[in-house]
Each structure stands twice: as structure tokens, then as C-alpha cells.
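Going by the order they are written in, the chains are A, B, C, D, E and F; count residues from 1 in each one.
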Amino acid sequence: MINHLIVGPLLLPLFMGTMIILNTNQPIARRRILGLFSCLAVLVITIILLFQSVDGPIQTYVLGDWPTPFGIVMVLDRLSAMMLCITALLALICLAYAARGTDRQGKNFHALFQFQLLGINGAFLTGDIFNLFVFFEIMLLSSYGLVLHGGGGLRTRAGMHYVMLNLVGSSIFLVGVGILYAVLGTLNMADLAVRMAQAPAENAALLQAAGLILFAVFALKAALLPLCFWLPDAYGFTSAPVAALFAIMTKVGVYVILRVYCLIFSNFAGVGAGLLNTWLLPAALITLAAGAAGVAGSRDLRRITAYLVIMSVGTLLAVIGTFQREAIAAAIVYLPHTTFMTAAMFLVADLIGRQRPDAGTGLVPDRPVGQPTLLGLLFLTAAVAIGGLPPLSGFVAKVMMLTTVKDSAGAPWIWGLVLGGGLLTLIALGRTGSVIFWKLLPADDTETARKTAHAPVPVHAPADVFPAAVLLVISPLLVIFGGMITEFAFAAADHVINPVHYIEAVLGPDRSLPLLLSSGGE
Amino acid sequence: MTLALIPLLPLLGAFIPCIFHNRNLNAVSAGLIAAISLILLLLQVPQVFTGDMPVYTRDWIPAIGLSFAFRVSGFGFLFALLVLGIGLLIVLYARYYIAKEDPMGRFYTYLLFFMGSMLGIVLSENLLLLMVFWELTSISSFLLIGFWRHRADARQGAFMALVITGGGGFAMLAGFILLGHIAGSFELTAVLAAKETVHAHPLYPVTLILILAGAFTKSAQFPFQFWLPHAMAAPTPVSAFLHSATMVKAGVFLLALMVPVLGGSTLWFTIVTTTGLITLVFAAYMAMFKDDLKGLLAYSTVSHLGLITLLLGIGTPMAVVAAVFHIFNHAAFKAGLFLLAGIIDHETGTRDIQRLSGLKKAMPVTAVLTLIGCGGMAGVPLFNGFLSKEMFLAETLAPGLTGAWSWILPVGAVLAAVFAVAYSIRMLVGVFWGKPAQDLPRSPHEPPVGMTLSPAFLMAVCVLVGIFPAFFAGPLVHAGAGAILGPDMPAFHMAVWHGFNMALVLSMVALAGGAVFYRYRHRLFDAHVWCSRYLDGKTLFESLVSRMVQAGNHVIRFLENGSLQRYLFVFISATLVLGAIPFAVSKTPLLGTVAATPLDPVTLIMGLILIIGAVATVKTHRNRILSIIMLSTVGLVVALAFTRFSAPDLALTQISVEVVTIILLMMALHLLPPTTPKESSKARRRRDGLLAVLAGGGAAALAMAILTRPYDTISDFFLAYSVPGGGGTNVVNVILVDFRGFDTMGEITVLAIAGLIIYALLHGFERHAPDTDEMGRPWTKDRFPMILVNITRPLLPLALLFSAYIFLRGHNDPGGGFIAGLITATVLTLQYIASGIVWTRPRFHFDNHVIMALGLILALGTGLTSWALNYPFLTSTYEYFKLPLIGKFEIASAMAFDMGVFLVVVGSVMLMLVKLGSINSEDARTVSTSVLVEENLEKETH
Amino acid sequence: MPAYRKSPIPGNRWLPHPLMTLVLVIIWLLLVNTITFGHLLLGTLLGIAIPWFTNRFWPERPKIAKPFLLFRFFCITFLTDVIVANITVVRLFLQPDISRLRPRFLEIPLDTQDPMVITILASVISLTPGTVSAEVSDDRQTLIVHGLDVADEALAIQTIKTRYEAPLKEIFSC
Amino acid sequence: MEWLVSACFGVMIACGVYLVLRARTFPVILGLTLMGYAVNLFLFLTGRLHTNLPDIISGSQTQYADPLPQALVLTAIVIGFAMIAFVVVLSLRALGELDTDHVDGHKENPPS
Amino acid sequence: MLSIAIPVAFALLTAAQLLNLYRLLKGPTLLDRILALDTMYIDAIAMFILTGVYFRSAVYFEAALIIAVMGFIGTVATSKFLMRGDILE
Amino acid sequence: MIFFIELLVSFFLVVGAFFAMAGSIGSYRLPDFFSRLHGPTKSTTLGVGSMAIASAIYFSFHGPGISFHEVLITLFLFITAPVSAHFLAKAALHQRLHQNPTEPKTRQHTAD
């Protein structure tokens, strides 16, 4: 029995995106409904898939019914199921937020949004390295459109940097894929892993070079130092729901790093074994430090949040960089938390900024926001969660990460930077909160304030606030169901760290045998 | 479960007061919740006082060792009692204290939240759970201190408290994780029993220091003491709560809790004792000079916390007993004193000791109550503080202490006691005695009874305990200390009179010395002004924070300078370095073993033309149109190369794409400046050139490495199954539409997205093109040259036929939907070039969005039909038919898919070009909006 | 910009352009390089469908009055001239002293203003002896031609007019 | 032959990199285009060099060039084209928004 | 016979391409370069045809025809760019 | 193969290539743009046409049946080459008519 649901998160956005194109000249309500319906349906599908993956084996979907490794295959393991689910939920919420007016600021927002979803989901599902390239391009091109949506000088400039860097990145990606194919003669990731394990020593340097070149590309996507400079401007200047959605984009880079370097370049991969074992951790730690510096040094809540995204990538990859099962499980717990919370912070920042006519999200005094209690509560919740303070999800994730990496060589560094970074976050967000909510100007205090004194501050309707609130509610839920989630994370990490499962699911038990032997059994 | 409810009730019920708009309801609901919690706590009395420890455990997140576990030890009970008891009193007091214009509901919400957090700390059975509540107190105190949000000092105080205690919390978290790791469990009972293991572990010092950092920051121990006085910006009931029974006491609670597992080592003794002693003396000294009543009390609090810390540092059983007792005593008198200070503030409008004077006439009750509190604070006999302080003095003289400690401790203790007496006298006498003050903001009188009730109760406790310690405090202290010490619990008897001993002498010295100090305080004040400049931790803190912000700003401005050139340089260099490392590190040869194929002169010369073309593109790049022409050469030769090496499909595609790209580039160039200014410095050009040469060299080496290596590919499968499986002889096309049809699906999606974005970017975008060319020549007026117009007319059907030909044969010969689509799009473009948008657009009146969408749907639909037959998406089928006259022909589902590709290509390319062409022409924009199209054509026709 | 007018050529809604259909069928057979009934059918289908689609793009179609003359003009006069012209031109290119060339512009007065005829004439001129048509005046009265090696201007103009313009005028009857 | 093709690839990459590092949008786009050509060529090379072995299955031919890289290159060409088309338009939009074609939006030319 | 004719033809065409390249690089006017590029396209068609004969393969025909179409459109577009600036208007 | 056919094919090939090269020689040697225009327009076009005929003959005797589709290339070139030439000449005329005496700086780039 073929589980067609697996391609649901791909075909549905594609179809609905197309339907939205056909409705280009219709009233926007129709496009909104189509988009929201699509996101909702994808969410339902991904939840079903997630539950299937909890107890079930790794599922595959062979497109065109060609035998692997010849046809393109989609692979659903626990990690990809989780990523799909996170994406769907986040997308639904961001779209709901965007439907309150952001989508009117330019053309074709809803279609691009669906294609964005398609690209991200494809990157999570595909088991073929060239197909990964294709989905990356879908994801990136849509993201270019979304980043630029609405226009404006700063946004366009930031978008242009993002675009050009990634265009060069795409070329480099192809070079990496090309080398892999030229040496190993296949594109299927499981097959690549098998062939990598059997590759002769004279191809070692070439294959490792391919792996590292690809790493440069993934690092750019994930925003790893020194390839993260595009992010603060791009995320800081784009529209809020897009920035919120993009909280998942860097995670795609992280996911792919996890996938590729735990499968093709896994510890059992012969000449390619453990390629990133020495590289990832230091790079991630420096990223974490730079992100923390940015968080501490920024004078605008949106930029702070953008740097928080960089920090979260640094944290994730530092933990993943230990390449231990438990640590990866911890990263899997941290990932949804950080994705949802940074996204929430982008939305909250926008809600705040819209009620501060002069200062926006800048850390300068302004007149009081229109709904201080509501916005204060939202901000506080997001800040507590992001700062890693209990009782919200950041705390659990942090404890788990610290606990699980404690035996690795880099533990003191990870501990120091994660905790120190947490403190800096706390300081920055505490300062932000007290400036925005407490350090107020009387309505006629300054020149600018006087100018806009009588401009009405918009009052947020419940529907404006609802998406952000829903995102924030996820945090306590992650804690309350922490037991289940950590259990799931360990199971997911099992699939990730042991490439044999994946290979067996894709190529069958015979082909995974060599790898099993080289790893000395299980 | 009852156990868990004690902290959870206030926590979960915190929002309740907030929902009422009535001040009484606010207070009653808060009080009710606290009272229920208290009752639940008191239900544990029978067990606790018989030495049992009720425990409630539920798994929560076993993966990290977090469980939902509570316990009521005697010590925890003592604390919980303080929290709830004082909490209730404060609920009552605040009802009268909080002004009408302040949001009382919110106040009680924060208060309950805080109460619950504190209860959680003292009742947790799991270290991580304790940590959860620990940080909750940081958050809730942040909110409480900043309650008066409009006040700058409140904001700063709250922020500082959050950062210091929160930061300490992070350290403590690390310490707890290490501790749990060493002990093998996060359950407190297990951890506390693991003393030997913990002490023997190499990480013991680190663990200890981290945990102490958490405790010391929370308890405002030196050098973190400075946040606490600034937290006085909070409303007085909050201060009373924070500084007596909760917040700051959490630190000493934790120290006491950890004594059984971490205590008993030299390290513990050295750090804790030293810190306690310094804090004790220093804060007591500072308290003397505070004019603000609350400031005085705050430093006094810090000092008393130092005292408790010192006791716990000494760590002997009796010291622990003394510490527990003093915790209780201090809570009582300090809470009362804060409330009294609040009353004074409330009734007179000031807390300045300098301004206040002679209040005992107007406020006799308050004066008496303050007298009791100050007595306790100063350690005067018959008040509770005396008893525990005397025990403390006795411990500093304990014979176990050797070396320098044997005299430093008692000296320090006495000195601090002297200061304490002095500031206590100052508070009492300075405010209530002397001439009644005249210029107070309000005329003083006794507060409402409800407001006096709370301090009166607390002062009664002080007196009763001071006189009948064994009866009123004995069991509590016994249970509390017993819980810490376990079998080491010493036998002791609490009484006012212990006989004449050294401790009593020291107490008397302190009382006398204090009186003297108070008498000559003015001289001290002068000296203090001089040194206080160096003692303000707040200034230091603020400069630290602002320096940190600046440093962060410097770092990011250095890293993220907004220059794309730099980002790209870094990116390309990084890739280059990463790619080179494996070759540098390993000794495997770059080149493989496959022999090179012979080179023929034609290929050589075409290769040279390509190289020259590429270099010329760079050389001429400042003259943009010239550069485009050079680039075309490269594109052409690449197409020739594809042909040379057996890839006709690629040649077709390359050449078509290239021309469309060139057209796009020229269309953009019309609006962009025609030349690139020379603005890069020579150094930069050299640097870029070097990187370019390195990258090119690396790339060439990589290509050589590949071309000289053998490989084994999955392609044999495609060659073998193309005809039998895919029904086509053009293997490349079968791969595209069948074996890897999903890639193609994605590829056309990319094209469609590009169309959408370009449409979005250019919608409503207008820009005027220059009126002359770059040399200043006017444009020709002949917009649509006749000869071209007349040639393109018959060319269109011919080219479309050709396009159909390319499309139909694609499955078996070079060609296919994509190339056919590009041909169609370019010949349509030719119509636009010849006759203009205004003429052409109405004749090709389909909405390009719709064409694209239909293409996508067709491709998608083709893929989906296989679902009906229960095959995966995109499973293809084909069939050969034989019809009379026509002969054998094939219908493959892949053809429908390819048709989708065709439509998407046509739609997106036309969308791009027409939109791009409309930027500087209003007519074109008008005609491009599809609604008008039909009308336009109609108008023209008639 | 040429004005759009209704088709002047016989044809109906379903077969708007019979001549074009014929040409397309022939070209289709050339393209596929085989003559089978199946391809004839397919070619006819395309030959009908494509003009139906492109009808709007070609509102003013030439009327060929004398098809035979057309055939003779292109297959004999034109073809021989092209070959002869090329040999001449190649000689000029390869002659040792390139400076002996006498390039100049010729202004040819036109007797016809029909756009299609002018177009064909210009093309033919470009492909034949040493001349490239460079510009048609706005009023379509003169054709400016560049001659590579012109000895006698008047003679050259006269040759072009009689040898090419006249037959073309006759073929398209205007 | 391999040397020549590798050299061509290298030169195209070098020229592409140099152009991509320029300060104005247009040369950067030219660089991206050139890099795109180069990378497509590289991807094609992963199937090695074959003379007269087109991938059209016929009875007379026994050997074929590797068809897979060709299919990949086709996909890559199309995607690359979409990207270039987009970035061309983006450069125009940026010109409109920033009133300069400098990649960082600088209006004044810094002294060289 | 063909074994001589084909290399000779290749040599002549390659020489032609080199001459085109010279004109392309030398100019002096932009139009000269465009003309050179156009000639390169047409010579490329010849090369395709020759390759087809050399390899006895018909697969190069379409490429030749497409180059013809695309080369024409490219030249027209470039010339129009020089005359009008606007290609599509 | 019949010697005569091979001869014919060889003849058309060499003559075609010769004409193509002659066109390029023309554009190489001739002094001004308008003169250069003649080479590619006439000679090269005819050369390619000649080679197409060679191909047609060749494949008619080598392939499964007669092959005439090469004629299409010739036909197409004969239609388009004069238009290209006309267009280029037109552009050149236009530029010559509006020659600006003071040439801007960029001119130096254009003319090496």
C-alpha cells in the first residue's frame, strides 16, 4: 500500500499555489482562503505523518515507481516528519498574520507563500541530492520574492544581498553535487552513503572536498559564521510574517547539515567518515558568540531578533557538532522551540512597532504603546522562552542540551557560550522590555513626538494578536508534553545518527549490509 | 498531590485577582488563595513535626531528569510558613497601601505569582524543578520591582535585579546539572545523600562555585550586593516580602539546603565564610549612612544575609541551627520594619531620615512597633534577634576555627553588630524622637487599622519569640535544622538567659559600641562621603552593561559592514579554502589514472575562443553592452562544446536560453547606466583578481581531477530502460520527463515563481529611460521598421511549426517541451520587438499567469492520474497504437507532462519580457493589464 | 504602425489562410524528413491550427497574382544572381589591394509602396551583387542601398529596378 | 582534451568570480551568468567527455554518453535562467528604490 | 574524398571563426562586433552541419536550425537596442 | 558510396566552407562597417547554404530515405540574413547621421 500522504506536503502547496495564480485577478479574500486552507490541510497531513512516524519505520515514496536509487525518492523519517509539522504550523500562523494586511503590500504574495512551503517541505523530504538542489532553488526563489514583498529601499538592498549571495551559493552547490556524482556515480543520498563507504582511498580528498564545498553552501543557508552577515538585514527589514516564517529557513540549512553529514559523511562512511567532526563545533560556537554580540549590541528589537536567529543556529549546530545521539536529540528538542519563539518575537516586535509611531521597534523612548498589558505579556512570554528561563520551553531545551553534551570534548565551550549567550540575551531583552514598555515619553516631549502626537495609534484587533499568541502558547505546551517530546527526540536521533536505518529503508537490507559491516554491526 | 498544590495554587491562581475591578475583591481573592495554600501546608504539620517528610513524585521529562516532585522537609516547611504567613500579612497590608490610581489587580497577580515561585523553591524535591521556580522568582521580582513602570529608578532596579539574579541562575543551572550528573540523580533526596561521591569528584570545585554563584547573587552577597538596595524602588509591601521571607532568602535557603552535600570542605568553608563575613560587615557599614529608610533596611537585609551565610559557611551543627533560627527571626522583624517604613512613607510622604523627626507623638503605635523591630534588628535582649545573634557570636568563637579565622570572625562579627546597633538606633531615634518635623509633605497620623495589623502581628511574634523562644520557635527551628542536619542534629535549648558567657559579653560590647557610634556618627558621615564614590556597584554595573552594548555593536559593525563585496569575498574564499583543505591535508593524488583523450585543432581553437571571450567579458565590463556581446560569444561556444561532446539537447537549450538572457540583459541595460564607473581601488582589484585566479585554478584542478578518474554510474539503468520503461529513445528527455520527472516539476515551478516575482517586483514600477543613447544621440524615430515587421509576420507561423516539431519529437530525438517553449516565447518576443507591445499584446491576449498556471496543473494532473491506478505520483505510461493509414504511433503520458512544461515556459518568459518591456511605457502598461486587452483589439478592429 | 484590417484573402473562419496552410504542410514534411500519411495528416492539422492561432498577427497578406512568375524569379533569376554575386564579392574580398574598392550609397526611387514588396526587394538586393539595403525612407519613396564596388551609380540603380523591382511588382500585382 | 576543457571551466569561473565581486549590479549579474555557464559545463563534465555518442537509443549504437549529467544540466540551465531573469529585474527595482545601481546602495562613489 | 574534404572544411570554418573573433575584439564600432557575433552564429551553423556529416548523425540538424533562429533574433534585438534603446516597446 | 556522390558532397562542403571563410575575410579586411557588412550577409549565408545542400545529398544517400530538411536552414538564412544586414546597416546609418562631435569618455572603452 503506497502512502500517498507523504507527497501531500509537496503536491498540495503546489496545487493550491497554482490555484492562487489562477485567482490573481480575483478579490484577495479568495486567495487568502485558498492559502490558509492549504496550510491547514498540510498541517493536518503532517500531523498524521508525524504520528505515523512515531511508532512506524522510515517510510519512502518512490516517485514514478522507478526502483531506487534510479528514481527520485522521498524519505519520511521522524526528523523529517517533525520538520514538516513545524513548518506547516509556522506557515499557517504566519499566513494568518500576513492575511491581516501584509499580503496587500505587493503582488502574488499568496502564491509565493505556497511555493515557499513547497520548497521547504521538499528539502525536508527528498532523499536525492540533486532534487535537494531543485527544492532549495524553489525555496530560495520564493524566499527572494517574499523578502522583497512590499518594497522599500532598505528592504530591497538587504534582499539584494541575500539574493546575490545565495545565487553564488547555488552555483557552488552544483559543483559539490557534481563532484559527488562524478566520483560515486549516483545521486540518491542513501546510495551515495553506501558508495562513499566503499570508495577507494585515492578518491578520499576529492570526496571530502565535495563534502566541505557543500558545507559552505549549507552554512550559508544556515547562517553560520562567517556566512551569516546577510541575515540581520534581510530578516530585519522584511515584513514581519515573512521574517517569522524565515525562522524555519535557517533550520533547513541545519537540517540538511544534519542529514548529509550523518548519512553520506557519517561515521561509517569510509573515506568520508566524520567529515565535519572537527569543523562544525568551532564554527557553530563562533557563530553563537557573534550572534550574542549582535543581540547585545543591537538597538532595535527586530535586529535583536534576527541575531537571536543566528544564535539559535549557532547553538543548534554546536550541539549537533558533537555528533552524539543524545546531543542530537537535544537539538531536536531545541529546534521547534527556537523556531517558534523567534518567529513569535518577530510578530510581537511588529505588533509593538506598529503602536510606536516614532520609534517603531527601536530602543528609544516613545509614547506608550496602545495596549501595554497585552503586548507586555506577549513580549515577556517570548523573552522568557527565548532567554531560556523556566518554566518555558527554552529552559527544558537548554537543560537537555547542556546535559547531553557534558561528556564531549567541547563541553566547557558549549556550556560557557550557551549560558553566557543566554545571559546576554536576558540582558538585551530585559533592556528592550524596559525601554519599550517602561521608558516612556510624554506625548509632547520631543519634536518628533509632537509631530505625530495626534496620529492615532492603531489598536490591534484580536485577529492581529492571535497568531503571535498561538505561537507563544506552543512554548508551555512543549514543556508540559516535554516527556513525550524528548522521548520522540531520542527516537528521531536514533534514525539520524544510524544511517543504516535510512539506507535500509531506501535501498533495502541488502544494500545497507556493507555499511552495517563497516560499522561493526549494531 | 496536596503537596504540589501548595505552590501551584498561587501560581495558577495568579491571574484571578487581575480579573476583578474591585479593590476589595482583588485583595480578598489573593488572600483566599494564599490562605488555602497555607491550610494545605498546615495539614502537613503532623508529619513534619514527627520527622517524616511527605514526598510527591511524578515523571515529567525523564530525559533530562526533570520530575514533578515536591517534598515538605522541616526546613522547607519553615520557609513555606514564612512565605505564606508573611505573604498573607502583606496581602492585607497592600490593600491599604496601594494607591487608587495603581492597578491593584496586577499587583496581586504579580504577588501571587511570586509567592508560588518561592513556595516552589522551598518545596521542590527535584533540583531542576527547583531551578524552574528559582528563575520564576527572578522574573516575578523583575515585574514587582518595576511595578511603578514610569519611574526610572524602578526600571533600573528591576533590570538590575533580573540580570544579576537571572545570570546567577544560569550559573546555578550549570552547577545543578553537574551536581545531578555527579550524584546520578536530580532527586534532592538522592543528591543530598551523595556527599562522598560529590566531594570525591574532580568537578566538585566547579560545581560548588557555580551553585554558590547562584545562591550569592540571589542573596545579594558581596560582590553582587548592589542590586538589592536598588530594588527598593518597588512598592513597600513588595520590598517587605522580597527582603524578608522570599527572593533574597532563596539564596540562603539554597545554601542551607546544600550544606549536607556540598558543605564540610575547606573550599566551602573558605568561600562561604569569607563572602558572608565581607557582606556582613560591609553592608552593615553602608546601612549606617542611608538616609532613605528603605535603603537602610535594604543594606541591613544584605548584612543579615551575610550573617546567615557566614553561619552556613562555618557549617557546624550549631551554626546551622543558628542560621535557621536567624532566618526565621530576620524574616519577622525585617518584614515588620519594612511595613512600618511603608506606613511612615504613606502617612508623611517621605522616607528620608533627615527630614523625618519626632513622629512618636503623631504615630505612637507605629513608634512602639518600630521600637520592637529595631530591637530585634539590633539584637537587644528580649527581642528575637538577640537570641539568634548571640548564637551566632558564640559560633564565631567556636574552638574549631584555627589560624587567622579564630580572631577575624569574632572581630568582624562584633564590628557588624556595632554597626547594626548604630543604624537601628538611627532608624528609631532619627524618625520618632526629636522635634516633630514641620515641612513634611503630609501631616502625619496613624494609618488605618488594617495597615497596622500586619506589622503589629509580626512585632508580636518578635517579642514572643524573644521572650519564650523555646515555646514559639523551638519546634520550628528544631524541625528546620533537623531536616538539614539529620542525625548530626545537636541537642540544644533555647532560652533568653544562657548564663554569662563570652557571647553575651560580645553582645553587650556591640550594644555599647553601637550607641557610641550613633553618638559620633557625623564624623563618620564625612569620611563616608569620600569613600562612597568607590562603592557604588550600580554605576559599575551600568557602565558594564553599556560597555557590553558598545562592544557588541563594535563586533557586529566590524563583521556586518553592509558590503556585499566583502560578504561575497568571504563566501568564495571560504569555499575555496574548504575545498582545498582535503587536498592539502591528505597525500592522495589530485589526478586520476584515466588516460586523456587526444585534442584536435578545431576543439582547441574553439576552446581558445571561449577563453578569450570570457576574458574579454571581464576586460570590457565597464562598457556594458560590449560586455554583453562578449558574453554571448562564451554562451555560443559553450553550446558548441555541448554538441562536440555528444549533448545535442544541451546545445539546443543553451543557445535558446542564452539569447533570451541577452535580450533580458539589454532590456535592463536600457534603464541602467550604460557604463560602470571605475571606483574600486587598485588594491581591491588586485585582491579580487587574486581570488578569481585562485578560484579559477581550483576549479580547473577539480575538473581535471574528475575527468581523469574512472567512475561507475547508475546511468546504465536509464540507457537500458529508456525505451522499454519510458517509451522514448531520447534518454535525456526520458530522464527529464520520467525517471527524474520530479526534478522537472520543480524546475518549471522555479520558472513560474520567477515569473510571479518579476511580475510582483515590476507591478506599478515605472522608470523613464534616457532620451538619447550613451553617446548623446537621439533614438531613431522609426520604432517599428517596416522590413522587420513584414518579415516577422510569416516567420511566426513557421517558427511555431518548428516549435511543434521540436516538441513532438522530444521524447525520441533532441528537443522537448522546454526548448519548444523557448522557441515559441522568442518568436513571440520577435513580434514584440518588431511591432511593439501595444500592437502585439492584444493579439496574444492570454493572461500569462493563466498559461503558467495551466502548465503547472497539466504537469501536476499528469502525475496525479497514476494515483487512480494506485501507483506513485508521476508514474508514467505509454502505448503504441496502430491505426489504418496512419501507421504506428505512440502516446506517452510523459507528453502531457512535457506539454505542461511547454506552457509554463511560454507563460513565464512572456510574463517576464512583457512586464520588463512595460517599465518605461505607459501605453504598454495599460495594454498589459489584461482586462483592457479585448476592448483594445475591438477598438482597433473597427 | 500598420493598421489592422480584415483579411483580404479568401479564407474562412476555419481555414483563414489556405496558402500558409499549404506552406506549413510542406515544411512539416521537410522537417520530419519523411512522407507518410500520418505525417501528412499531422502536418495538415498543424497547418490549419497554426494560422488559426496566428491569424491576428498577419492582418495584411500579400496577394500573389502570378505564382509562376514568382517561382521563376526566385529559382532562376535570384539563385543565379546570388551565386554570381558571391563569386564577384569573394573576388573583391580577396583582391590584393583592398583600397581599390569604390563603396558608396545609392538612392533607389521606388515605384511601389507595398510594404511586402519593398521588404522582398530589399532582401533580394541584400543577397545579390555587392549591395546591401540599408534604409527605407519614411515615406517609402526611396530605398537607400550600400554598394560595395559601384562604378556607375545610375547603371546600378537601373539594374536593380529592372531586374528585381519590376518582376516583383508584377508578381504581387501592384 | 581534458586539459583544454578544464582550463575553459577554470577561466570562466575566474572571470565569473571577478565580475561577481564588482560593486555595481550589472557586472555582478554578468558574473553570475558566466558562473552559471561554467557550472553547467562542470556538471556536464561529470559525465566525462564523449565524442559522437549522443543519447538517442538506436540499434547501430552500442555506447552512449552518460545521459544523467545532461538531464541535470538541463534542469540547472532552466533554473539558472529563472534566477538570472529575476536578478535582472531585481537590479532594476533596486535602481528605482535606491536611485543607484551600487550593490550596497551607495550613492556617491568612494574615491578609488 | 570526404576524409579530406571534411578536415579542410573544418579548417576553413575554424579560420573563419578566428577572423570573426578578431573583428569581435577589434571592433572598432559596436556594430562591427555585433556583425562579427552574427557571423559567428552563422559559421556555427555550418560547423553543426559539418559535424552531422562527419559523424553521420542527424541529431545536429535541430541545433543548427535553432542557432539560425536564435542568432537572428539576437542580432535584431541588439541592433534595435542600439537604435532605440527599447527592445520591446 | 558512389564516388560521384562523395565528390559532390565534398565539393559542396569545401565550397561552402570556403565561402563562409571568404565572408569572414571580407569582414576582416574591409575598411569600413558598411563594406564589412557584405561579407557575412552574402558569402557566409551562401556558404552555409552550400553546406546544407552537401548534407542533404549526403544523408539522402546514407539515411533511410531522402533528406531535404537541411534546405530549411538555407531557406531560413536566406530570409533572415538580409533582414539582419538591413537592420545593422540601418543602425549604422542612424549612428552616422547623429555622430556627436564631442564623444563621451565611454567611447574610449568602445574603441579599444
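We take it that contacts are C-beta pairs under 8 Å (C-beta built on N, C-alpha and C of every residue); 3 or more make two chains touch, one makes a residue touch a chain.
Because the structure is predicted, anything quoted here is derived from the model rather than measured.
A.B. asks: Treat touching chains as neighbours: how many steps, at the fewest, connect chain D to chain F?
C.D. replies: Minimum step count, chain D to chain F: 2.
A.B. asks: If you check the contacts of chain B and chain F, which chains show up for both?
C.D. replies: Expected: C, E.
A.B. asks: What chain lies farthest away from chain E once each centre is taken as the mean of the Cα atoms?
C.D. replies: B
A.B. asks: Taking contacts as defined above, which has more of them, B-C or E-F?
C.D. replies: Here the pair linked by more C-beta pairs in contact is E-F.
A.B. asks: If you average the CA coordinates per chain, which chain's centre is most distant from that of chain C?
C.D. replies: B
A.B. asks: Rounded to a whole Å, what is the gap between the Cα centroids of chain C and chain E?
C.D. replies: From the centre of chain C to the centre of chain E is 23 Å.
A.B. asks: Taking the mean of the C-alpha atoms as each chain's centre, how many Å separate chain A from chain F?
C.D. replies: Distance between chain centres, rounded to whole Å: 56 Å.
A.B. asks: Rounded to a whole Å, what is the gap between the Cα centroids of chain B and chain E?
C.D. replies: 61
A.B. asks: Just give me the whole-number Å value for how far the CA centre of chain A lies from that of chain D.
C.D. replies: Result: the chain centres lie 28 Å from each other.
A.B. asks: Please set out, as single numbers or ranges, the residues of chain D touching at least two other chains.
C.D. replies: Touching at least two other chains: 20, 25, 28, 38, 40, 42, 45-46, 52, 54, 56, 68, 72, 75, 79-80, 82-83, 86, 90-91, 93, 103-104.
A.B. asks: Out of chain B, which residues touch more than one other chain, so two or more?
C.D. replies: Only 562, 564, 568, 572, 626, 644, 648, 667, 669, 699, 702, 706, 711, 713-715, 718, 739-740, 743, 746-747, 750, 753-754, 757, 761, 780, 782-783, 785, 787-788, 791, 798, 802, 813-814, 836, 916 qualify.
A.B. asks: Which residues does chain F have that touch at least 2 chains other than itself?
C.D. replies: 23, 25, 37, 39, 45, 63, 67, 69, 72, 76, 79-81, 83, 86-87, 90, 92, 94-95, 110
A.B. asks: Going by the touch definition at the top, which pairs of chains touch each other?
C.D. replies: Chain pairs that touch: A-B, A-D, B-C, B-D, B-E, B-F, C-F, D-E, E-F.
A.B. asks: If we count contacts the way the header does, which residues on chain D are in touch with chain B in the complex?
C.D. replies: Residues of chain D touching chain B: 1-15, 17-30, 33-34, 37-38, 40-42, 44-58, 64-68, 70-75, 77-86, 88-93, 95-96, 101, 103-104, 109-110, 112.
A.B. asks: Can you name the residues of chain B that touch chain C in the complex?
C.D. replies: The touching residues are 781-787, 789-791, 793-794, 796-798, 800-802, 804-805, 808-809, 831, 835-836, 839-840, 842-844, 885-887, 889, 937, 940-941.
A.B. asks: Which of the residues in chain B come into contact with chain D in the complex?
C.D. replies: So the residues of chain B in touch with chain D come to 562-565, 568-569, 572, 596-600, 603-604, 607, 610-611, 614-615, 617-618, 621, 624, 627-628, 631, 634-635, 638, 641-642, 644-650, 653-654, 657, 660-661, 664-665, 667-669, 671-673, 676-682, 688-689, 691-693, 695-704, 706-708, 711, 713-715, 718-719, 722-723, 729-732, 735-736, 739-740, 743-744, 746-748, 750-751, 753-754, 757-758, 761-762, 765, 767, 812-814, 818, 908, 912, 915-916, 919.
A.B. asks: Which positions of chain F touch chain E when the two form their complex?
C.D. replies: 3, 6-7, 9-11, 13-14, 16-18, 20-21, 23-25, 27-28, 33, 36-37, 39-40, 44-45, 47-48, 51-52, 54-55, 58-59, 62-63, 67, 69-70, 72-73, 76-77, 80-81, 83-84, 87-88, 90-92, 94-95, 110-112
A.B. asks: Contact residues on chain A for chain D in the complex?
C.D. replies: 130, 133-134, 137, 141, 144, 148, 151-153, 156-157, 159-161, 163-164, 167-168, 170-171, 174-175, 177-179, 181-182, 187
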